[in-house]
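Before I ask anything, here is the structure I am working with.
We call the chains A, B and C, going by the order they appear; numbering starts again at 1 in every chain.
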Amino acid sequence: MNAIRFDRKSIRNQLVTAFVFTSIIPILLVNIIYYYNTSKLVQQNVEGMTKANLEQTKVSLDVWLDSYEDIAILDSPGHASYMEMGIFEDLTGKFDVDNYYEGTVNSCTVDGKLYGVPFGVNCLALYYNEDMLKDAGCEVPTTWDELKTTAKALTTDSVTGLALCSVQNEEGTFNFVPWLWSTGATSYDINNENGIRALTFIQDLVNEGVMSKECINWTQGDVMNQFISGNVAMMENGPWQIPTMQSEAPDLNWKVTLIPKDSQYSSVLGGENYAVINGGNVEGALDFLTYATSEEKVKFLMDKFGYISADKTIAENQFEADSPYAPFVEELNYAMPRGPLAEWPSVSDAISLAFNQVITGTATPEDAAAEAQATIDGIVK
Amino acid sequence: MLFSVISVIILCVLLFPLYWAFITSLKTEQEIFHNPPTFYPHVLNSQSYAAQVETGDFNMFRSFANSFLISVGATVIAVLLAVPASYGIAKYRFKARKVMLLSFLVTQMLPVSVLLTPMFIMFKNMHVYNTWIAAVLADATIGIPFSVLILKNYFASIPKDLEEAAYLDGCNKFTAFIRILIPIAKPGVMVCAIFSFLYAWGDLAYGMTFILDQEKRPITAGIFNFMGQYGTKWSYLTAFAVVTIIPVALIFIFMQKYIVSGMTSGAVKG
Amino acid sequence: MNRIKKIFRYDNVGMLFVLPAFLYMLIFVGYPIVRNIILSFQDVDAGNLVRGTKNFIMFANYSELFKDGVFRTSLWNTLRYTVLCLVFQFIIGFILALFFNQRFTLAKPVRGILLVPWMIPVTVTALMFKLLFATDIGVINYILRSLHIISKNIEWLTTPGSAMFALICANVWIGIPFNMILISTGLTTIPKELYESASIDGANKVQTFFHITLPLLKPTIESVLILGFIYTFKVYDLVYVMTSGGPVNSTHMLSTYSYKLSFEMFKYSKGSAVANVLLVILLIVGIFYIKVTTDGEED
């Protein structure tokens, strides 16, 4: 039984299908992605979740079934690319987003028109292993210098001080931009003192052995596994790891803090947006959105996912003060979205390539910055 | 005896990755990430195997039956079509022969990523999308060209006099093919059937793309229960691999005497 | 009457045997190939996909490709990867086939078990090798260190050269049983009498190998190599899972780069063009194969 199919990649599949029939066939060809994006497969969890959700409610089954080709959930930076294609319904005036975090609304807005509804947000912060810090006699780092010193102190034969997902794709870029932005550089302006400083900092961490080069093969999930196995003392990661960490390693003492800063605190806004496919059962989809964004449902969903509500009112009361999620709500104040830009995938590729080059030592920070800048300039005129 | 010892050594070296998969499945996640690695599980973790049976709507046994059905279906199509085709190519010199042979090669050449979308649309139009038939039809496209290329050598190596003797006995071309040539080529046919079966068994892309409902999907779909945005669950994943391999491996080991049995027992004598 | 007879002339009957399989492949695979070729001459990307403003830009995608450094790397990678994999898996497979062709008790069961790597979905194999080749927790480094072959862990998957080596190892591991079984089957088509008479004539093992086994095995070897070439050349999942083309694009293959362009960067037409370059190279190899195998056969 398939209810509304959510998948952040589903829309991509529709696109694949689209150029055969010149119109959009909203088929959720979720499966291609199963196969290829082996690192970020959320379908099973999502399916389980929607089902549980389904049982809880009295929403008629028909609405769900009819609209399952009408709604999509997608990663927020990709949203702009799809908006450009004109496959999403204009929701301006049809859905009230006044109460949502500004960055999240921006990620689904083009020319003042709303093409989506934020599903939930997250951002990255720094996790640290409390026991390891205590044993090494370190304070919680707040600046890059402190971070480097602490990481060095924490590094032993079997433990590396810091890990952050550095794979060469959007996931890696997601983890790199907080460092880039913290220097004052932007995603589109890298070849300057600031951009080079960020690249140099990461390269130094690797060269000094406090960050493993293997990070380039670790997804955020892999980084988390290394952290809970005690191979890594600190990691940059998101709140969605918390449920898993609590169940997999209940005895591990860890805490979350802001990502240490260079010139300013900085984090990256992540999360998913809902979008309504035009030409389908728009009414049903809107009805679903209203239902799914009610406080009770949002809380249920956010808990399942380890996300923070995009709705400010809900977010502020979502967690207790001592909850591990609380620092993420604070970090949200410094979090900026990627894009929105239709060509973001290409910009993102240039950024993650530059960081991968310095991590693997195949280019100097200066050369990497210059190369990335050349690519970006070719995209963003 | 010496040969047997050597063969066991070869076995150990080549199957080391499998051994590693097996012990990984019995370790806890913490131990898997332990540095240095451990060669046997210090803490036994059977959780990973229990999880195979009870992961949401993924039903191991049903998926196993699905996989079996799909693989057998694809094998039957591949063998039924490829055996005559390879015979035709091996024994007859018609004009389009080279073109047809080339086409069997060409159809193998596109990466799966390029094939999925158009095939998807085709199956949708044929109204077989989301049924096991779609997976069977798609999987057979891997087995056919492969079998043709392998079997044509087999048929070519069968001496002409055998066929001619059959004609003298009153066979026509078709009956000679079925009564005389196929039995002789049996080991080759078996190998092609086995590889077609294995291609279909290991297939992930087609099964996942053309079948949407979890309860109709092949067993390979189960992998995705253990890989996700929360990181790869190594113990579950490897346990899954072990569980799925064992039955197939047993089938093939028992079928050994039919595989590569050699033609000496057949009709060919010099 | 005569004309009908002519169609059913001896050799043309053969076509009837081939036709069903041919049509089957044409229906299911021919269409995707044509579609992909058309797409590669257009300018379809994320921007104009739905607006329907796609244009035919002829060879622009292709000429852009040859200026693209990553494309050139992936072309070169695909070639050397394929050749190296083929050489190793073929030689090892051949030796094992000869070995298990001997008569000894364990020959058949062991040969059967060696097929097991083939039963594992490639995705799982790739993940397994990723674990084996991990720098700190990987067992390969551990064994090499214990044997004092290396003193410091090798960063297998994070240095360009060794990442390629690890990919080749994984692929060879999958390819060995394939080569072994096919060559074993080929060996069974050689009549035993030939060996008997050779040994009566006083030929030694090496001589019989080069004068009987190799020549008679030629068609099998050709088929195994061409199939191996095609399967290795379009390798996708193994590379995607193990390295995703990294580090720093150094292990991209044509197929992974094609995927990246089409599905990660939404440059559909460019991605199709890469896939077609792959197709063209394989086509040339295929024509070469057919020329070699059908030349000189009796007509």
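Basically, contacts are C-beta pairs under 8 Å (C-beta built on N, C-alpha and C of every residue); 3 or more make two chains touch, one makes a residue touch a chain.
A quick note: this is a predicted structure, and the numbers were derived from the prediction, not measured.
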Taking each chain's C-alpha mean as its centre, the one farthest from chain B: A
Chains linked by the largest number of contacting C-beta pairs: B-C
Chain centre separation in whole Å, for chain C relative to chain A (CA means): 37
Computed distance of Cα centres, chain B from chain A, in Å: 38
Chain centre separation (chain B, chain C; CA means) in Å: 16
For chain A, residues that touch 2 or more chains besides their own: 16, 20, 32, 35-36, 38, 158, 231
Residues of chain C engaged with two or more neighbouring chains: 35, 123, 127, 136-137, 237, 259, 263
Per-residue multi-chain contacts in chain B, two or more chains: 32-35, 113, 117-118, 204-205, 227, 232
Complex contact set, residues of chain B against chain C: 1, 3-4, 6-8, 10-11, 14-15, 17-18, 20-21, 24, 32-37, 39, 77, 81-82, 84-85, 87-89, 91-98, 100-115, 117-119, 122, 137-138, 140-141, 144-146, 148-150, 152-154, 156-157, 173, 177, 187-188, 191, 194-195, 198, 201-205, 220, 223, 227, 232, 234, 237-238, 240-241, 244-245, 248-249, 252-253, 255-257, 259-264, 268-270
Chain B residues touching chain A - in the complex, by the definition given at the top: 29-30, 32-35, 55-58, 113, 116-118, 120-121, 124, 204-205, 208-214, 221, 224-225, 227-232
Residues on chain A engaged by chain B in the complex (per definition of touch): 2, 16-17, 20-21, 27, 29-32, 34-36, 38-45, 47-48, 158, 219-226, 228-231, 240-241, 244, 248-249
Chain B-facing residues of chain C, complex: 10-18, 20-22, 24-26, 28-33, 35-36, 96, 99-100, 102, 104-125, 127-129, 131-132, 136-139, 142, 173, 176, 178, 181-182, 184-186, 188-189, 191-193, 216, 219-220, 223, 226-227, 230-231, 233-234, 236-237, 255, 258-259, 262-263, 272, 275, 278-279, 282-283, 286-287, 289-290, 294, 299
Contacting residues of chain C [partner chain A, same complex]: 35, 39, 44, 46-47, 49-52, 54, 123, 127, 130, 134-137, 155, 157-160, 237, 240-241, 243-250, 259, 263-266, 268
